[in-house]
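Okay, so chain A shows up in both of these, paired with chain B first and chain C after.
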Partner chain A sequence: MKRFLVFLVLILTFVVSAYAFKVIMVTDTGGLGDKSFNDGTWAGIQMAVEEFGLEANVIQSYEQADYIPNLTKAAQEADVVFAVGFMMTDALFKVAPQFPGTYFVGIDITPPEGSEYPNVMTFTFKENEAAFLVGYVAAAMTKSNIVGFIGGIPIPPVERFRYGFEAGVKTYSELHDKDVQILKGYTMVFDDPKKGKDLAMSQFAEGADIIFHASGACGNGVIEAAKEKFTALAGTSDLAGLIDYYWKNGTGLFAMGVDADQDYLAPGAVLASAMKRVDMAAYYGVRDAFEGTFEGGMKVLGLKEKGVGISPMKYTKGLVPNSVIAELYYIINLVNEGILSIPITQEELDSFSVPEIEFPF
Partner chain B sequence: MKKRIMKINLSAFIVPVMSVIIALLIASVVILLIGKNPLIAYYEMLKGAFGSSQDFINTIVKTTPLILTGLAVGFGFRAGVFNIGAEGQMSMGALFATIAGMNLGGFPPYIAIPITILSGMLMGALWASIAGFLKARTGAHEVITTIMLNWISYYLGNYMVAGPLSVGSGTPKSPEIAASAKLPVIIKSQSIELTPGIFIAILMAIVIYVLLEKTSTGYEIKAVGFNPYAAEYGGISIAKNVVLAMAISGALAGLAGALEVMGLHYRYLGTLTSGKGFDGISISLIGQNHPIGIIFAALLIGSLRTGSNAMQFAGIPKHIVMIIQGIVIFLVAADRIVKTILTYRKKHKAGVEK
Partner chain C sequence: MTWIISILNIFTNPLFYKITLTAATPFIFAALGGVFSEITGVVNIALEGIMLLGAFVSIVFTYLTGSPWIGVLMAMISGLGMAWLHAWASIKWYGNQIVSGTALILLAQGLTGFLMEPIFGKPGQTDFIGRIKDIKIPFVKNIPFVGEIIGELNPLVFIAIGLVFFSWWFLYKTTMGLRMRAVGENPEAADTLGINVYKIRYFGVLMSGILASLGGAFLSVGELGQFKELMTGGRGFIALAAMILGNWNPIGAFWACLLFGAAEAMNNQLQSSPILQISASTKPLFNMLPFIVTIIVVSGFIGRTRAPAADGVPYIKD
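Moving on to the complex of A and B:
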């Protein structure tokens, strides 16, 4: 009897593990630990894993040439395969048609023209809308009237962050008669914090006091630079000390985070983050596959869908004047109602003119 | 005399093999420390590198450029130049192979393929001979100049795919090369493809072996490598041979880039080399700078890399492989350690038998 029970349990575990719904996420070369994009997706998958009791695994890629082999292997083993990051677009659409029985979710991926498959769902984000908000805050908060932008490789999502940021800065400047200048630079990679730090240091040296980054793991260096500079200025690195210094002297040096809520990386020295809710997208992807409501095609998440936004500024909210926060919420409403549209291309940015916004307060 | 040569060959073979074994042992301690079973890890790794035809193709695809960058660096070593610039030369080779390949649409493959390959090799050779020329003419050390040239090629490549050559959305990339300039696919399994690039790489290893061992040019290059002043005294031009050695070394790295474009990506990408030029340094070390040894060393690193991707499916981080690779290189570079262990055991055994 006992032996029979053991046997039964063994069979059961075997059956369960063989049929367990399995999710495998393949990262781009940035990999886990970027504290933004890959980590955000992984967090979303974890959310779904806990809710539905699934199995999940993550595979990191060394180089571009690994994408196809890794996705292929993942597709052979899993029910849902995640391809994370823009760089994997071509590989995803080469592998996915080979496995019509496997669901593929592409995060931050736009399908190339003519490649729509029922088993591939991709998410992109209106980065410009999130960046507009942080741009607006940056312009409101800068004391030197110089803000910085640091991008990774100038690929479309990074550029959309820049368009939105520039438009946000411009909007605040015109509404409040402030002349704010923007320094721009690119690290040309996504995985080298040292490059981000060097670039941030040089922008601080040129007089910027707030730097927004959209550069993946390079941004860890940007944030480190802001923390170092602000700490040196204030003579302390703890949150209370930094805030005290700001109130006493009216200046500070800040970074602005991207993709995830990066405010916690250096409390006090990260003013706000332009968030892409990759975690929500990842969660939706797994959920739809698991519940059988999976729909192929591209989904674009913006402010309205709560797919992007500005971080709650957990540490720095006290520094930002209430009027700015109120204006921010008013603007979010205008975007949601379709009254204000935020430039999403270089042409739109060039022809962007600040609308007459009358704040009701 | 003959016996002596055999012995040298044997130890050249034993040191790398022993180093790999020791490295696997040390890494298994690390795997144990992170709470995983090293036997399962190595099994998954082996299976991931050779377990199925797809895995095997992946390993070969990864090995191909590594053979060539290994040869590039190894050839340089034999000629007494330390070419750290294989990375940049590979990138430049890939870039110019792409530019040539894009414009050869009107030609049949038997013309387009050789021209594309040659433009990659030529550009790699030119890029490397800048450093060779600077060394011969001004004495500037090639370690410094090739590192500088790496950066120039890196940013040039990034500029080209973000600017003049840029196409489409997505990853910054160049347009695809013409169909006639692509290497033919000999085996295709789903999206995994094998091209004859590996045969070209092995052929080059044999060519380099013959060049070094059987020709007077090779003799001159080696002589300059052994002792430049003695060579010069013997009537061999240092300047000529340094430039020539760098050019050949660069041509090999350029070929690596060209084959990556023609057989794998079909276009130029800014991140295409991803450290393979630097891997060439470790591979030539492990292969003891011998062209045939380099083939096996490249296969070792290539299969480790491919296997490490699969190892992740068993929940073991890919970085373990970096540890293994690091220890192997350390032990091969400090080959005295391994030799001491080996001779100690021999002595010890002899003592016991007595």
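Moving on to the complex of A and C:
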């Protein structure tokens, strides 16, 4: 009898596990812990897992050659497979057509021409909209009237950050009659913090007082540079000291983070972050697959879909004047309603003219 | 015209010299390490790996003890360990020095990546852990131009410069230095004169480990206060190029390192120049500057530098 019970339980677990809805995420070479795509996607999957009671797993890729075998293995086991990051585009579109019964979700992936499958949903982001907001804040907060932009390699997502940032700075400048100049530079790598720091130091020396970076881990160096300079100026590195200094002297030196909320990396010295809500994309992907509303094709997430945004400025919100915050929310509304469109290409940026915005306050 | 003005502006800007120094510091440490090893006849391309492990170990011990200087000390010990492996394989067992060096680079990359998770709980990169404070020299700081360059710098930069002159004195003015050079030029002759070739070579390689690991520690606890996998970004190899360009001489290597540092600083300053009107799409090209300088200078110097005669040749005693 006992043996029969054990047998029954075993059978039951097999049956249940075979029918449980399973999500497998294949990381890119960055892996979990990158505080960007991979972590963000995983957080979104976890959100869905808790809400719907699913099962989720990760397969880590260590080199690019792992992508195809890992995706294949995941597709054999799971109902939903996640491919994370621009670099996995080719692998995803090689594997997905072979498993029409499995759903695939690609994060930050644009399908190549002519390869649209009903079981593949990909997400990209309107980085320019997030960057527009931080650009607007930067232009409002700069005292030297010079702000900086540091990019990694000028791939499309990095450039979209730049277009939005430039447009944001320009918009604030014209609405408030301020002449703000932008220094721009590129590190040409994503993983050398020292290069980011040196470039940031150069921009600070040329008079920039706020630097926005879209340069991956080089940005750690940018943030460290801001922290070092601001600390030297204020004579203290703790948050209260920095804020006191800012209120007494009306100036500070700041970095601006990217992708995730990087404000905590150097409290007080990171003014705000342009966030890309990879987690929301992952959540939508799992939810649609689970609820049976999955549609193949590319989804572009912007402010309206809460796919991008500005960080809540946990440490520095007190420094930004209320009027600027109010204007920011007004602008978010204008973008959501489609009244204000933010340049997403170099041509659009060149021909971007600041619309007449009448703030109702 | 704006080009000339902006370049002149850069040369008169003290920050250009300061970034040159800090960008050159990791090269200086590693290149000195290369000199110590190769002057005794052992090629050490493991510098890159030794730096990476040094960067990692210094952050780990800063994290554990709260003191970046203990981190630096432990980095030196880790460098000693790596160099000992290299020496053991290539001196004791006459192994191919390039293969052993490459293996050590791979070992350092794998080891640091693997240990991130158990120590810091996540792969990739650490948070800001803590770094060595810059030191202010009060009376120098007030000198107008010079003060802005060296008035407030990371102590490791001064240590690097001090080590350059120490190394030159050690290698060219002491008996030990003479013996090291003799072993690198003609180990058989040195051996017949009663010099223990193996011991001298061990000494050279171990010194190179200590020096190169300081370069790694400078990158992590010196400049950034955090570790990122593969953060050395090929600096160990650039240091090797600097060593060759400097003709295996500490002072020469120092100038070569400054040249590479200056190219990097020039790149940053030109990109940040407010008067140069360059479109953002051409700015990434400036990052080629250090490599262009390297190619021009190295090709100009080819044939004029000479490696120690027994460099890279294992010594087998009959």
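Keep in mind that, in the parts below, the second predicted complex is superposed on the first by the 335 of 361 C-alpha atoms of A that agree within 3 Å, B and C clash if a C-alpha of one lies under 4 Å from a C-alpha of the other, contacts with A are read in each partner's own complex, and residues count from 1 in each chain.
Note that in this section a contact is a pair of C-beta atoms (placed from the backbone, for glycine too) under 8 Å apart; a residue touches a chain by one contact, two chains touch by 3 or more.
It should be emphasised that the depicted structure is a prediction, and the values quoted were computed from it without experimental measurement.
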Practice task
Once the two structures are overlaid on chain A, check if chain B and chain C clash or fit side by side.
Solution key: clash
Handout entry: Dominant toucher of chain A (residue count), chain B or chain C
Key = C
Exercise for the section: Would you check which partner chain A:Met188 touches, where first means chain B only, second means chain C only, and both and neither mean what they say? Expected result: both
Problem - Partner chain(s) touched by A:Leu265 [first = chain B, second = chain C, both, neither] - result: second
Practice task
Using the superposition on chain A described above, determine whether A:Met87 touches chain B (first), chain C (second), both, or neither.
Solution key: first
Exercise for the section: For A:Gly297, decide between first (touching chain B), second (touching chain C), both and neither. Expected result: neither
Problem - Which superposed partner A:Pro355 touches (first chain B, second chain C, both, neither) - result: neither
Exercise for the section: May I ask you to decide whether A:Gly148 touches chain B, chain C, both, or neither, giving the answer as first, second, both or neither? Expected result: second
Exercise for the section: Could you say whether A:Gly53 touches chain B, chain C, both of them, or neither, answering first, second, both or neither? Expected result: neither
Practice task
Determine, under the contact definition given at the top, whether A:Glu206 touches first (chain B), second (chain C), both, or neither.
Solution key: second
Handout entry: Contacts of A:Pro312 with chain B and chain C, given as first, second, both or neither
Key = neither
Exercise for the section: Have a look at 9-17, 99-107, 135-143 or 207-215 and say which bit of chain B overlaps chain C after the superposition. Expected result: 135-143
Problem - chain A positions touched by chain B in one structure and by chain C in the second - result: 153-154, 188-189
Fill in the blank from the handout: The chain C residues in contact with chain A across the complex are 13, 15, 19, 22-23, 26, 116-117, 122-125, 127-128, 134, 152, 219, 223-226, 228-231, 233, 264-265, 268-269, 271-274, 280-281, 283-284, 286-287
Problem - Of all residues in chain A, those that touch chain B in their complex - result: 24, 29, 57-66, 68-74, 77, 86-87, 89-91, 94-95, 98, 110, 112, 153-156, 188-189
Fill in the blank from the handout: In their shared complex, chain C is touched by residues of chain A numbered 30-35, 146, 148, 151, 153-154, 162, 181, 183-189, 191-195, 197-199, 201-203, 205-208, 217, 220-221, 224, 227-228, 232, 265-266, 346
Practice task
Write out the stretch or stretches of chain B touching chain A in their complex.
Solution key: 54, 58, 61-62, 155, 158, 162, 168-172, 190-192, 260, 264-265, 269-272, 274-275, 305-306, 308-310, 312-313, 315, 318
